[in-house]
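Some structures to go through are shown next.
Here come two complexes built around subunit A, the first alongside subunit B, the second alongside subunit C.
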Partner chain A sequence: MDDIKVGLTPKQRAGNLLGSFGLIAILLIIFGFFSLLIPKLYFTWPNLRDMIRFSSYVGIGAIGMTFCIMTGNFDISVGSMLALAGVLGASVALKAGGIFGVIITMAAATLLGVINGLFVTKLKIPAFITTLGMYFIFRALAYIYTNNNPQYIQDRFWIFLGNGSFLGIPLPIYIMALCYVIAYLMLRKAPFGRYILAIGTNSRAAALSGINVDNIKILVFTLIGVFVGVSAVLNGSMLGAANPGMMGDGYEFQVITAVVLGGTALTGGSGSLGGTLIAAMVIVFLKTGMSNAQVNSYWQQVATGLVLIVAVSLNKLKFWLIGQTQ
Partner chain B sequence: MKRYLRISVFAILILALVVTFAIAGCKTGTATAKGTTAKTMKAADVTIGYSVWTMEFTFFQNLEKGVKDACKAFGFKYSMLDQKSDATQMVQDMNTLVNQKVSGIVSTPVDPGAMAPAVQKARDAGIPVVCADIGKSGPVNALIISNNFNGGQLAAEFLAKLYPDKSTTFGLGNLKPQWTYARQRGEGFKAKCDELGYTVKSEIIVQNPSAEGGYDTMQQIMSAASDIKGAFFTSGREAVGAANYIKSQNGEQKVVGYNGDPEEFNAIKDGILAATVLQQPYVIGYKAVETLKEILVDGKSYENVEIPAEVKLVTPENLEQVAKEIMDSTGNSAYGAPATTTTTK
Partner chain C sequence: MIKFLKLYEKIGIFILIVAASVFLAIVSPNFRNLNTILSIIMQGSYGAIIAFGMTFAITSGGFDLSVEAIMGFTSVIIAMLIPSLGFAGSIIIAILASCFVGFLNGVLITKVGISPLITTLSMQVILRGASLIITNGRQVVISQKSFMSIGASKVFNLIPTPIIYMVVLFAIFYLILNQTSFGRHVAASGSNEQAAKMSGLNVNLIKTVVYILVAFSASIVGVIRTSQTLIGIPTMAPGFTLNVLTIAILGGTSLAGGKGNLTGTLFAGIFISMIYYGLNLLNVQIFYQMLAVGITLLFALFIDGLRMKYLETAKVKGIRV
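Let's look at the complex of A and B:
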């Protein structure tokens, strides 16, 4: 342990510190700033609780995307996937009850993820092209299936999942925490995590070292479906409806923003689930703070863009600091 | 004697109970459902939270101005949140306003079908909710919305005056079925045409809600019924697109729009669009706060009430006057200059 400490230069230490706490610092600065600016509106437990609750919408969907980007791929169909799975589940819930609706939503999203994975691996169509195509197809299917009519969710169980609470903490927060624990164990304690990092670093080398790259990629796209399914269930519950046109609209950009803001390299090979989670919270904390402070919506977009650039710059700075001594 | 005494004591007790409940009833008012409290507030203590679909479009800017001006007029505090055309943000905003413990909420929902759980939460917290335009779901107190059916009738009457021959046929560019309230424009148009003896020969739903969508739909209507003399498009941008298609074909058909967007005004001025049915977003916003004032300050009860806001026909004859009225009430200069923005409806 001492040897490691001796081996670190001040620059490396600064780099590591930045990597570990940079995003947390941004989150705390945002929270502190708005707490001082509008304490009665922002610095309250109900507000904090709801901000974390709404972070789950992007935060859970971003788990699968983090895995995907770690392998050097993208999935831009997640918003449409969320809508299609949501309307399918909601329509089933109307006839068979909320439990079946939730199961169908999860199963449908997972299946759509498998389809994406098969297209990318077996037909060798680049992930960007495949998921761009699916972005249109899934959304169109949602329209066709519902005849462009919203599917209302009135089942008490389903509504409870997104709006209920236990010990004063909303259920989506528990569900998000559980998802992150499972994902963390997969990434850090199971071979799967090593494989996706290896594929992201060098796919060919990973294949030569015996990793079944195609199977891992299919699994990654399937996991995107699983986590998008969870998000669809919670989002449908919070909205009380699944609207084929509006559900998940722009979701892909929010999710990819959270992953990139969280420090996952777009080129693949490195990333952090913790970073993704904090980034999802940064986005919601910032948006809520600016809305409460009555900031003009155009300036809100400017501020969100600036925070994204600052966070990614900090990540670059971290690598530069570490890289200087290597 | 004892018996009479017991009866008297019992009667006095009953009377006392009745009087107590009556007094209590007077003190607490006639509250019905949660959030429709008849417990009145002083104007200075009232804060109105407004959740708007988006502030990018003129229609919603004018609606917000109406809400803000009404708050000012009634001495209420005011807080506004922008949904940015995102249904999830809409629900989050509603929760934020509940957390802020505002006295009443006005919402112009981007997805009215998706607001029921959030409305329920607000009502459970004792906060009345009034929707300003678009639609509603859940236990809202009131919905202030344009008299869309009447608007459609005005469009039919206008076209009927232009073409007194009853054998004339018209087209209709309608909205998608999910826009329950806005679809009433088309229903009003068809009903009035029917009443006056005219035929709506071709009705096509605009799939792409934009000027391009209106252009394409007009093309389809003309393909299906080339002999129509006029068409009613139930939304602003689409109507301008449809009128531009007619212009590109050097056609004689007259197109009537709905909304009263700045570019519709410009299109009427340029002779491209024949007329439009003007919604009054400022009035809708103002009425929404007025309704909350009646609930919160005057103790009046509202439960799932629909309050229509009047619409008016804008033609080349009254265009300048109406534009001036809008500018006077909203201060929005878009009606005096070439339009750069529009609504999503």
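Let's look at the complex of A and C:
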């Protein structure tokens, strides 16, 4: 951390420490706890490898959401978007082959992102409520399109994307790493990153200083679509099917939790992609640990809800310690 | 345009209802029958009752996404407690427990300062999980058949009881919102929270009471639905929260806060029920209802967006509206 300077009060130091190392500590504690509890199931290389592989599902989708929350907006529709793009792509793959299926999945998700962006900017309504409407519309379309039948994915190329390995490391991990590098460059090295932070800090000031706020917002929602598309391809590949009802169920919740747990302020204006990535891993590490330890799935559900509340409270605590008001 | 929007705000939902009625009366002979109409109003009462509470929440500048989980929570508590506590006891405890959930929502939003979206979304997940834990994932059958009289009987052999509940609750909520100082304070908190605080209102308390009211209304519907099916269902009414939000916004309550329209909410609830009835006539799958509600929400948002935009322009130009 380059902003730990001389002259900080102990409270501010604690806040900075909480912000930068808190999350890694949480990840290590969870990993250590379950490793001691169920070492044979949990503390193994295949399990660790698989947990990171599964992290790509939430991790990649959370990239777009990180941008979105940085601008002070939300997209509730990502889970339904994942399902609709997934079933469209899978049905195409059955007829035209996996490559076309993957392309259609990506294209469909991107298009749905554009539609979200247009509605959000043109309706001038808080994004969460517009996308809440889309959450139901996309899911309904996925049901209607498939007549509520799962679309099986058997194409070898598509299956390979989510399950294959290169040099002993699963492909989804490479894909996730690539997505994060691209997103990092966009956020820190391109004007786009400055624009979204400016919009999140003060939308009106950003508009007055010449930023085309609507266009940037449309781009942000489009990027959500792009990254959800990648997630849909990998998720479909790992599951071997795109199910209109189950695919992406609760996804929006996991993704928002990852972003918030990663330290992005809900009010916009600040955030970190690295935090989102580690938080996505925290979610998967915790979920896998609970499943392996045979925790009742209903308790797991309660736990995921609590994690989000605790994450937001920790964020509040961090900003309170540093002395900023969110 | 402002004139049109003002007009829409007052009578828009009535025009929609009249248009839908004429349409349904033409295409469906069944619709020209008092029992059908009462049944449509009854189907609309569930969403409308919760939307009364939601109207308060939106007026206060927030909203509540946990209502469907509160319905399920109420349902399982009643089903679990009826054998030992009887009707009255189990209903009272279920409603009190739900109100406590509303209180928790309110405290998390006002005292901890977590946004309504995150708080109530998390509460939805937590409460769903808790309801499933209580029943161990099962649906619990209620053996006392007479419990049905609460939600599945008819007054004067004609009017279904849920309609009566809706009318009574409408009267109560309407009086609270429009005739009491509390109602004015809710609107004040929603239109300008800072100003409300400056003028000495206890905004945190007001908002907490609002979330208790939402939970209360959701709990009432939980009781009615449980009585009709005689089953405690932990995952009751998935997706119903969208209906409730749509009804409140379609009824003319602005998402900007500060302005609640309970009459609009009441009729919007009936209108949504008419859409469902119309779709049933077409014999389409249930997914089309989901689609229709989603599209109706976007339409309502479109009107609300127009209104905000023109009100802003009017403010800039100094026009009084």
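The rule is short, and it goes like this: the second predicted complex is superposed on the first by the 288 of 326 C-alpha atoms of A that agree within 3 Å, B and C clash if a C-alpha of one lies under 4 Å from a C-alpha of the other, contacts with A are read in each partner's own complex, and residues count from 1 in each chain.
The definition used in the following text is that a residue touches a chain if its C-beta (ideal position, glycine included) is under 8 Å from a C-beta of that chain, and two chains touch if they have at least 3 such contacts.
Given the structure is predicted, the values throughout are model-derived calculations rather than measurements.
Enquirer: Kindly classify A:123 by the partners it touches after superposition: subunit B alone (first), subunit C alone (second), both, or neither?
Expert: In the superposition, A:123 contacts subunit C only.
Enquirer: First (subunit B), second (subunit C), both or neither: which does A:148 touch?
Expert: The answer is both, since A:148 touches subunit B and subunit C.
Enquirer: Does the superposition put A:247 against subunit B (first), subunit C (second), both, or neither?
Expert: In the superposition, A:247 touches subunit B alone.
Enquirer: So, A:47: does it touch subunit B (first), subunit C (second), both, or neither?
Expert: After superposing on A, A:47 lies in contact with subunit B but is clear of subunit C.
Enquirer: On the A-aligned overlay, A:159 touches which partner chain: subunit B = first, subunit C = second, or both, or neither?
Expert: After superposition on chain A, A:159 lies in contact with subunit B alone.
Enquirer: When the two structures are overlaid on chain A, which partner does A:238 contact: first (subunit B), second (subunit C), both, or neither?
Expert: After superposing on A, A:238 lies in contact with subunit B but is clear of subunit C.
Enquirer: A:316 in the overlay: touching subunit B, subunit C, both, or neither? Say first, second, both or neither.
Expert: second
Enquirer: Shared contact residues on subunit A for subunit B and subunit C?
Expert: 147-148, 250, 296, 300
Enquirer: Spell out the residues on subunit A that touch subunit C in their complex, using ranges where they run on.
Expert: So the residues of subunit A in touch with subunit C come to 74, 119, 123-126, 128-130, 132-137, 139-141, 143-144, 147-148, 250, 253, 256, 260, 266, 296, 298-302, 304-306, 308-309, 312-313, 316, 326.
Enquirer: So in the complex, the part of subunit C that touches subunit A is made up of which residues?
Expert: Those in contact with subunit A are residues 108, 112-115, 117-119, 121-126, 128-130, 132-133, 137, 239, 242, 245-246, 249, 255, 285, 287-288, 290-291, 293-295, 297-298, 301-302, 304-305, 308-309.
Enquirer: Could you list, by residue number, the parts of subunit B that touch subunit A in their complex?
Expert: Listed in rising order, the residues of subunit B that touch subunit A are 54-56, 79-82, 84, 86-89, 91-93, 95-96, 98-100, 110-111, 113-118, 121, 137-138, 176-178.
Enquirer: Hey, which residues of subunit A end up touching subunit B in the complex?
Expert: Those residues of subunit A that touch subunit B are 41, 44, 46-47, 50, 54, 57, 147-150, 152, 154, 159, 162-163, 235, 237-241, 243, 245-247, 249-250, 284, 287-288, 291-292, 294, 296-297, 300.
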